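Shared between the two complexes below is chain A, which pairs with chain B and chain C, respectively.
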Partner chain A sequence: MRIITAVLAIASGLIVLLGYFFPTQLAGVRVLLIDWAIILGGMAVLVGVANLVFVQMEKIRSRHKNGLYGALLIVSLIITFGLGLLFKPDHQYMHAVVNAIIIPVEASLLAILAVTLVYASMRLLRRRADMMSVIFLISAVLLMLALMPTPFGPFPGDQLITFFLGMFSRGGARGLLIGVALGTLLTGLRVLFGVDRPYGGN
Partner chain B sequence: MSIELISTVVGLILTLMVFSYLIGDNPLFRFAVYIFIGSASGYAAAVVWHYVLTPKLIEPLTDPSQLLLLIVPLILSITLLAKLSPRLSWVGNFAMAVLVGVGAATAIGGALIGTLIPQAEASMNAFNLGAASNNVDAIYRMIESSVMLAGTVLTLVYFQFGAKHTTGGSTRRNAVIEFLAWLGRIFIAITLGVLFAGVYMAALTAMIERLSSVVNFLKSLLGL
Partner chain C sequence: MTVALTALGVLALAALLLLVFTLIRRRSPGIFRDIEAYNRLNRAVGHAVEDGTRLHISIGRGSLITPRGGSALAGLAMLRRLSERTSQSDHPPVVTSGDASLAILSQDTLQSGFRVAGAEDQYRFTTGRLTGLTPFAFAAGTLPVIRDENVSANIVLGDLGAESALLVEAADRDNMDLIAASDNLSAQSVLYASSQDPLIGEELFAAGAYVGAGASHEASLQVQDVLRWLVILAILGGAVARFLGFGF
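The block that comes next holds the complex of A and B.
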């Protein structure tokens, strides 16, 4: 069983990867495998949603303290999914769900982040007042002062601040991006070599 | 009552419920968040059903010429449902293996073609002074490119954790690497500070939008 799953993962991965190097010979198989993966990914989303419902139902059954909220989640999920199945996501009823629930709550959660970020930065200075924390906060405050509109007009030296911070941060961001890409590359190769088997074949 | 008015009122109530978190975690906040998770999951499932599974799997099944190609994903999709049962979970491992294998290969291709090569090219192209209008502009571009290259290299050095064993049994990085990594930390701190400022401004914009929507609704309600 373990060997079969590993062979499936390595073979499908290698075919897709080789498709990058032999685009004419392997294009058809590569597209077919990616289409299969898209279908499986879609099915995995449905399985994940079903699992969410089962977990909440278990909370209700065991009279967990958050069971009532779980019932609320299931009801809102079933209503939205039912409406989505009957009508398409483009229908006005689905737009109403998005405009009434999804967008306002998402925007409000992002809004309260503004307050929690200020609180977190104050805690950072209290807990770790080292040079790096100071550089971090000074660059954040300076950039906000340079970019945000003030009642007194532009902040003095705003262009110089954005130039220097942009120059330093672009270099750092490029290093972080390359680091993330190298990490992704390595993780992918570990899966293709069968060293990591996150599909349950270890 | 029109659908627009109902969705505005519901949105307003949910906004106030989420804002109640500012005085601490409370049942109103949880109520809004659980409804949000349910609706967002249901919406995502509906989108997947209509825009992924129906056009790629269900509709082509009626076409006999495509039936053969779809048997494998159909069987694998059905086996994926076994993941819902702890006893039968292993049946879904075959589908997961294909998903992870293709995902890993796509991630490798994306990391190479989408990030590593373009970023390396951009670092090199920054030193192309042909586009400079005059000598002063060329010097300015040279300084900017050099600082950016230094930032890229030093940031990568910071994540180099190779170390040698010392006579005391502990491990320690080379002194030069240690110094370069310290410089890299400065670049990372500035970068994260800039990112923090960006996130903060986005959050502040969202807060202003939400507050103005509440105020506008109250104004329209009172006829102001």
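The block that comes next holds the complex of A and C.
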């Protein structure tokens, strides 16, 4: 069975990859395989939600100290899912669920994130007092000064700062992205050769 | 057409080099430069097994049908090795992810690791968890795992955004070990500011080689080095050619 899954995965991967280079010959099969992957991805969400429910139910059953939140999550999930089935996703009730609950909750997390990032920056030099950390902090502060609106108009030299820092940060970002792209390429090749098999074990 | 042919050439070269270097590495394992984060990772795995505590491994939310899937696959390869090493522990590792298909693959990978270690009966499918489908839902769902599940070390490797700061902060507050890397530039800058030993750029993809995942992972690092030099030469050659007036 494991050999069959490996053969299927490698063959599908090769067809999709070669479909980019030989579009006239393989485009049809490539699109078909990608469509299947998208359908399977959609089904995976249902399996993932079931997994979420099982994990929370286990917490409730084992009287985990925050099991109450698990119960709240399951009840909310059932209500939202039921409303979605009953009224369809475009109904005003569903919009209300998103606008009145999900967006405010995510906005509050974003606010916490902003405070967390400021706090992390303040502690950076205590954690790692080296030249790169100093450069990192100075660049971040200068860039924020240059970009943020002030009551007195633009920060003096803002365009020079954004040009100068932008030149280095764009170069650095491209270097990092090239490194990430090479890493992704090699990881993909390992999966394509069947050396790494996250889909059925080896 | 020229771009497609160049891409196919790079791909074929990378594949050939990977095969050759894997064969070489099988005979003589490589020696790598020290990366402190991976040294700490190996120590943390040992401590977790000895102390009866748990590893928390988060593989991010990079969907496999997007270009972000590469980092997720790198996270899964590392997970496979770590699950083998820690499956005999009293508290097996718990894995969180923010993508449904990734959560299913993490369960499968965990089970494979337990099977190879001869401890398949210890495997529980609830140790591979989907914690949220949006960035903040994922972070909010992962925070209780860090805080409440007897975790001694957190390994966060995969596609994450700025929300990774919340995970780092939670681990930091409880003085836990944290090893974190992402393919996302925002997350990399956040992790640089907030974690002890940040992993930058392609260091994320070195995880497998540093946890002993095999010759192919070591060979991958060598191929990356070779390709990086080729890219540098191509950039320099292009700049010189442009300077001399050759347009392309």
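Things worth noting here:
Definition applied: the second predicted complex is superposed on the first by the 202 of 202 C-alpha atoms of A that agree within 3 Å, B and C clash if a C-alpha of one lies under 4 Å from a C-alpha of the other, contacts with A are read in each partner's own complex, and residues count from 1 in each chain.
As a convention for this text, a residue touches a chain if its C-beta (ideal position, glycine included) is under 8 Å from a C-beta of that chain, and two chains touch if they have at least 3 such contacts.
None of the values given here were measured: they were computed from a predicted structure.
When the two structures are aligned on the shared chain, A:Ile178 is found in touch with chain B and with chain C. Using the contact criterion defined above for the overlaid structures, shared-chain residue A:Met144 touches chain B, although it does not reach chain C. When both complexes are overlaid on chain A, the residue A:Val47 reaches chain B and chain C alike.
Judged by the touch definition given at the top, the superposed model places A:Val29 against neither chain B nor chain C.
Of the two partner chains, chain C is the only one that A:Arg127 touches; chain B does not reach it. The wider contact with chain A, measured as residues touched, comes from B rather than the other of chain B and chain C. In the superposition on chain A, A:His64 contacts chain C only, with no contact to chain B. In the superposition on chain A, A:Val98 makes contact with chain B only, not with chain C. When both complexes are overlaid on chain A, the residue A:Ile161 reaches neither chain B nor chain C.
In the superposed model, A:Thr187 makes contact with both chain B and chain C. Under the contact criterion defined above, the residues of chain A that touch both chain B in one complex and chain C in the other are 17, 20, 34, 37-38, 40-41, 44-47, 49, 51-52, 54, 66, 69, 105-106, 109-110, 112-113, 117, 121, 136, 140, 173, 175-180, 182, 184-185, 187-189, 191, 198-201.
Note for the complex: chain C touches chain A at residues 4, 7-8, 10-11, 14-15, 18-19, 22, 63-65, 67, 70-71, 73-74, 76-77, 80, 99-101, 103-105, 107-109, 111-112, 115-116, 125-126, 128-131, 133-134, 136-137, 139-141, 144, 148, 162-163, 165-166, 168-169, 183, 185, 188, 190, 192-194, 196, 200-202, 204-205, 208, 214, 216-217, 220, 223-224, 227-228, 231. For chain B in complex with chain A, the touching residues are 3-4, 6-8, 10-12, 14-15, 18-19, 21-22, 30-53, 56-57, 69, 72-73, 76-77, 80-81, 83-84, 89-90, 92-116, 119-120, 122-123, 144, 147-156, 158-159, 184-197, 199-204, 206-207, 209-211, 213.
Residue ranges of chain A in contact with chain B, taken from their complex: 1, 4-6, 8-17, 20, 32-47, 49-52, 54, 66, 69-70, 72-85, 88-89, 92-94, 96-115, 117-118, 121, 132-133, 135-141, 143-144, 147-148, 165-182, 184-185, 187-189, 191-192, 198-201. Partner chain C is touched in their complex by these residues of chain A: 17, 20-21, 34, 37-38, 40-41, 44-49, 51-52, 54-55, 58, 64-66, 69, 105-106, 109-110, 112-113, 116-117, 119-121, 124, 127-128, 136, 140, 173, 175-180, 182-191, 193, 195-202.
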